[in-house]
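First chain A sits with chain B, and in the next complex the same chain sits with chain C.
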Partner chain A sequence: MMLKLGVFELTGCGGCALNILFLYEKLFDLLEFYEIKEFHMASSFREHDTLDVAIVTGSVSTQRDLNLLHYARNHSNYLIALGTCATHGDVQASVEGKIRDKLEKVYGTKANPMRALDSTPIVQHVAVDYALPGCPYDKDEIYQVLISLAKGIEPPTKDYPVCIECKLNEYECVLVKKEIPCLGPITLGGCNAACIKSGVGCIGCRGPLPKEANPASEFEILKELGYDEEYIRRKFKTFARGELRW
Partner chain B sequence: MVNIEIEAFTRVEGNGGAEIIIENGEVKDVKLKIFEGPRFFELLTLGRHYWDVPDLEARICAICYLSHSVASVLGIERALGVNVPEEIMLLRELGLLGELIESHALHLYLLVAPDLFGYADAIRMASKHGEVVKEGITIKAFGNYIREILGGREIHGINIKPGGFGRYPTVEELERIERQSEALLRPARRAVNIFAEQEPLGATVQHYIATNGYLYGDKLIAEDGEKFDYLEHIEEKTLPYSFAKQSRYKGNIFMVGALPRVMLKHDMLTPMAKHFYEEHKEKLASGYISFNNLAQAIELLYALEKAKEVAKTLLDKGIEGENVPIEPQEGEGIGYVEAPRGVLVHHYRIDERGNIAYSNITTPTAFNHAIMELSLYEEAKKRYGSSDETTFLQKLEETVRAFDPCISCSVHVVRL
Partner chain C sequence: MIVLRYVKLPQENFEEFFNSLKRWGKLYAPVKKGDIYSFQNVETLSEIALDYTRTMLPPKKFFVRPKDEMLKLKEGHWEEANGTEPIVLFGVHSCDIHGLEILDKVYLSDPVDPYYKKRRENSIIIGISCMPDEYCFCKSLGTDFAMHGFDLFLHELPDGWLVRVGSVKGHEIAWGSEELFENVTEEDFHHFREFEEKRTNSFKRSLNKEGLADILDLAFDSPVWKKYERICLGCGNCNMVCPTCRCYEVCDLWINAYEAVRVRRYDSCFMETHGLVAGGHNFRPTRLDRFRHRYYCKNYFDPESGFNCVGCGRCDEFCPAKIEHVKVLDKVREGLQ
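Presenting the complex of A and B:
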């Protein structure tokens, strides 16, 4: 029996939905198991139906986002929060201040006819069955998750920092050797150390490593390298404002 | 007197819809609505060190992240008085060409082609026209390969930096780009004929705006011969029913994107692209916005021919791979880039410590907001009462789709 899949996009850059299309021929492999009932970036076809799997990307930034999220949750058995917007809020959630003040600074009025909200990750609003961060996540990860679900297997989760992948690739440590601020030690791996491959530091787009990370120590290291506290604080909070408190 | 609501456009990037206002049995007005929430990028980068800013700006949009990175880097470099050697500009151009290939292939083959073949999406279309879909995917994957090499990742790479690159491409990578762009010319050529068949839709464009270079520039140009900075002749206003803003050029509605580029800059096109421009010149010159798809198909050829040429130039000269050192200083600068869907502006003021003191970003879909709305109005007026409702709504969606709108981008936020 085919599983029913829906892809829902809340506020974001569109990249997490786009990345699914970047699976190319592997997307056609997924279609052996899944029937797409909703995916507005890719298809004009839409069927209101209960879903076996709902993928939700983006953050809750308007009342419409919130309504759509509740719709997806109430119509699905298994909900995947896909991408850092959905799991941690990403960059839009790191902008501090109250929504009305932000609107005033930007649109010149506190009026809010479109009912914008302060951006928050979806995990703050509904229970999710699986959270896959990354800005963007690695496309093979979502493939793995969907194939696992189709086979009735609990999808694997990652629990190691970017540093591990950096070492496996034998990249030179940019933090130690070049004194570049790199968040690899405290950031959840899975990206195959894409930034360090480019010779630049990890910017933390997958959010902090749960449990074992030691951000206090990273903070001290960066301070010793001469970066000021405000700089480090904002860098830490860029993708996951709510996670690391300073 | 019932207004018609298009709840959400499909096969476009981001969340948007429209309301068609009917009065006395006629289309009175159309409102284009952007539901995508505001993301406040100008507040996000405020106070941040210039070095980190292009990586943040990339997150505005996934389809055209590299255009945002390059526009950001150009604005920052101009503010800091940095000049980079030709090699670095050529590599950036190659990255932009890769993005044009990726984005146009996605739009044409996966989002527009289903309209022309009569399917709800490319997946359903693939059952009968698998070859076309497959060719499109191959071209798109090649564009993404270039983005991965130059940009650092398919989406949101952080390799494009002020003063140069994190990592420079290898000879093997450049050779692969040179080889593959040549190989893909043939399927891309076939695409031109598919998209030349599209019917005229929407408004006819009266004013075109583009950058002075084909994919980036230091000024904007218009069809009246004007060469200018965006603040000189473009005015913006906020709308009560949308998170996007509307712009006017000297008070007039205008368009940015593939159609304006080929109309204003056809002299810069590569041989094969120019050949097809000449063949379809009259159609393009009619200005119907649906011919933006045809212009994109011509640009797909341009990008493949040009990528080959740029890769060859870089291979012949050899890559030095030296970044330009930067000293933070106070300054102001504007970066102009042609994102796949049109002119993109990143404007910065930087303080003496190298932190962002002010920024303003204007995206192509924001520039096109007014002409998109006008096009919906014209198409709705023409069809209301004569087309059945399904066709009516479908044609309105096709009209919007022709702009290749990027709604995530358009939720741009203005000067502080």
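Presenting the complex of A and C:
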């Protein structure tokens, strides 16, 4: 029997939904097991029904987002928070302050006709069955998760930092050898160390490694290398302010 | 296996000898990649960094690969995934040869790891002499000189190389290019000893092994572990680059709707799930447990089998927190006094 899949987009750049379509011919493998009931980025077709799997991308930034999120949760058996907006809040959640003050700063008025909310990750609002961060995530990851689910296998979660995959690929360590500020040691892996492959430091887009991260030591290491405290703090907070109280 | 004999390879024949090795398999040697060294496939002698200190990943990567396809699921059946091709590892340092021998004890004793065994049997190891840098402490572990575990070992001489033949295969290789070699003279031995002496005196670091097993026994609750645990990032870099770390994780990956591969990759005892077992119990639930565990594994885990450390210095060189292996153990020792 085919599984029913829905993809829901809250506030974000849209890249995470698009990234699913970038699976190209591999989408046909997914269609062996899933029928898509809602996927706004791909089609205007929509059939409201109970879903087996709901994928939610983006952060909760408006009342409409929150309503859509509740709808997705209430109509699905298995909900996947996909992308760092959904799992950690991402850049929009890194902006500090109250929504009314932000509105006033940008628009000159505290009026809120769009019913905007302070951006928060969806994990703060509903229970999720699987969280896959990344800005964007590696498209093969969602592929593996969806096929595993279709086969009745609980998809495994990553438990290691970016450093592990970096070393498995034998990329030169940019933190140790080039003194580039790299958040690899405290950031959840799964990206195959894409940034370090290109010789730049990890920017922490997948959020901190749950439980394991030692940001205090990373902070000291970067300070030792001569980076400004405020710079480091901002670097830490870019993607995951909502998740960790650095 | 015993050392069969010594021969001399004059410098003018070095390149020809090097090229002759390609007959025996795909040739890998240390090359410089940015600010690190790495064993890579090479075609010409000029690509090699003969004076390299240490590669980031040890030669272990040829026998237990960082990401290793074991099996393929095809039409409902598992098939063996990887073929083995003969390889020649040129320019392996003594510490790494010792590292491979430690892995042999693990992967070649019952139950034998078939992947490891096949690759080991299809490999030729050509050792090369080296000078220690500020991270090396192999001398204090007795791994600074290899008596076995190689086919040929090249020692630098002012005008060429003193070659120790370490196996029947090594003998065959030397025999096959007999015209390139000469007999070793008294003068060559003199130069060899001179080099070794200079090398012995160049070590800046050493591990104090005296009573270490007892010290670790007594120091389980030492505050030193707690001090370092706060600095440690728990990133696992030390495990990834270690020539004797042997833990791996196995996972299945889908390649299409009905086919999959079973892959194993290096695992790290700094990961939370490393000590997690069925039922949710974790043998090493905190970073403190895991930090301490690595030191016990390397130095004490099974005192009968000796150290699981060869003093190559990789964990120190690639630790972002600059934690020094020898220093931690010295501090633990001091903490007891």
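Just so we're on the same page, the second predicted complex is superposed on the first by the 244 of 246 C-alpha atoms of A that agree within 3 Å, B and C clash if a C-alpha of one lies under 4 Å from a C-alpha of the other, contacts with A are read in each partner's own complex, and residues count from 1 in each chain.
Criterion: contacts are C-beta pairs under 8 Å (C-beta built on N, C-alpha and C of every residue); 3 or more make two chains touch, one makes a residue touch a chain.
Quick caveat: nothing in here was measured; it's all calculated off a predicted structure.
**Q** Given the alignment on chain A, is it a clash or a fit between chain B and chain C?
**A** Fit: chain B and chain C sit side by side once superposed on chain A.
**Q** Have a look at where A:Asp49 lands relative to chain B and chain C in the superposition and call it first, second, both or neither.
**A** Touch partners of A:Asp49: none, neither chain B nor chain C.
**Q** Regarding the shared-chain residue A:Pro185, is it in contact with chain B (first), chain C (second), both, or neither?
**A** Touch partner of A:Pro185: chain C, not chain B.
**Q** Consider the C-alpha centres of chain B and chain C from the C-alpha centre of chain A, and write down the angle between them to the nearest 10 degrees.
**A** 110
**Q** Applying the document's definition of touch, where does A:Val176 land relative to chain B and chain C: first, second, both, or neither?
**A** Second partner only, chain C.
**Q** In the superposed arrangement, which partner chain does A:Gln144 touch: chain B (first), chain C (second), both, or neither?
**A** second
**Q** Who contacts more of chain A, chain B or chain C?
**A** B
**Q** Per the contact definition in the header, classify A:His40: touching chain B only (first), chain C only (second), both, or neither.
**A** Touch status of A:His40: first partner only.
**Q** Taking the superposition as given, does A:Cys13 touch the first partner, chain B, the second, chain C, both, or neither?
**A** In the superposed model, A:Cys13 contacts chain B only, not chain C.
**Q** Touching A:Lys235, do we find chain B (first), chain C (second), both, or neither?
**A** A:Lys235 contacts chain B only, not chain C.
**Q** So after superposition, what is the minimum Cα distance from chain B to chain C, given in Å?
**A** So the smallest C-alpha to C-alpha spacing between these two chains is 12 Å.
**Q** Which positions of chain A sit in both the chain B and the chain C interface?
**A** 28
**Q** Help me check something: in the complex, which residues belonging to chain A touch chain B?
**A** Residues 9-16, 18-19, 21-22, 24-25, 27-28, 31, 36, 39-46, 59, 61-62, 64-65, 90-92, 94-95, 97, 102-103, 105-109, 111, 113-114, 116-117, 119, 135-136, 139, 194-195, 197-200, 203, 205, 230-231, 234-235, 238.
**Q** Please output the residues of chain C touching chain A within their complex, sorted ascending.
**A** Chain C residues touching chain A: 33-36, 38, 56-57, 61, 66-67, 230-237, 240-241, 251, 253-254, 256-258, 265-266, 268, 270-273, 287, 317-321.
**Q** For a test of understanding, state which residues of chain B touch chain A in their complex under the given definition.
**A** 8-15, 35-44, 47-49, 52, 55-56, 59-63, 65, 106, 110, 114, 120-124, 126, 137, 141, 144, 152-159, 161, 165-167, 238, 240-243, 397, 406-408, 411, 413-414, 416
**Q** Chain C touches which residues of chain A in the complex?
**A** Answer in residue numbers: 26, 28-30, 32-33, 143-144, 147-148, 156, 159-161, 163-164, 167-170, 172-173, 175-178, 184-186, 211-214, 216-218, 220-221.
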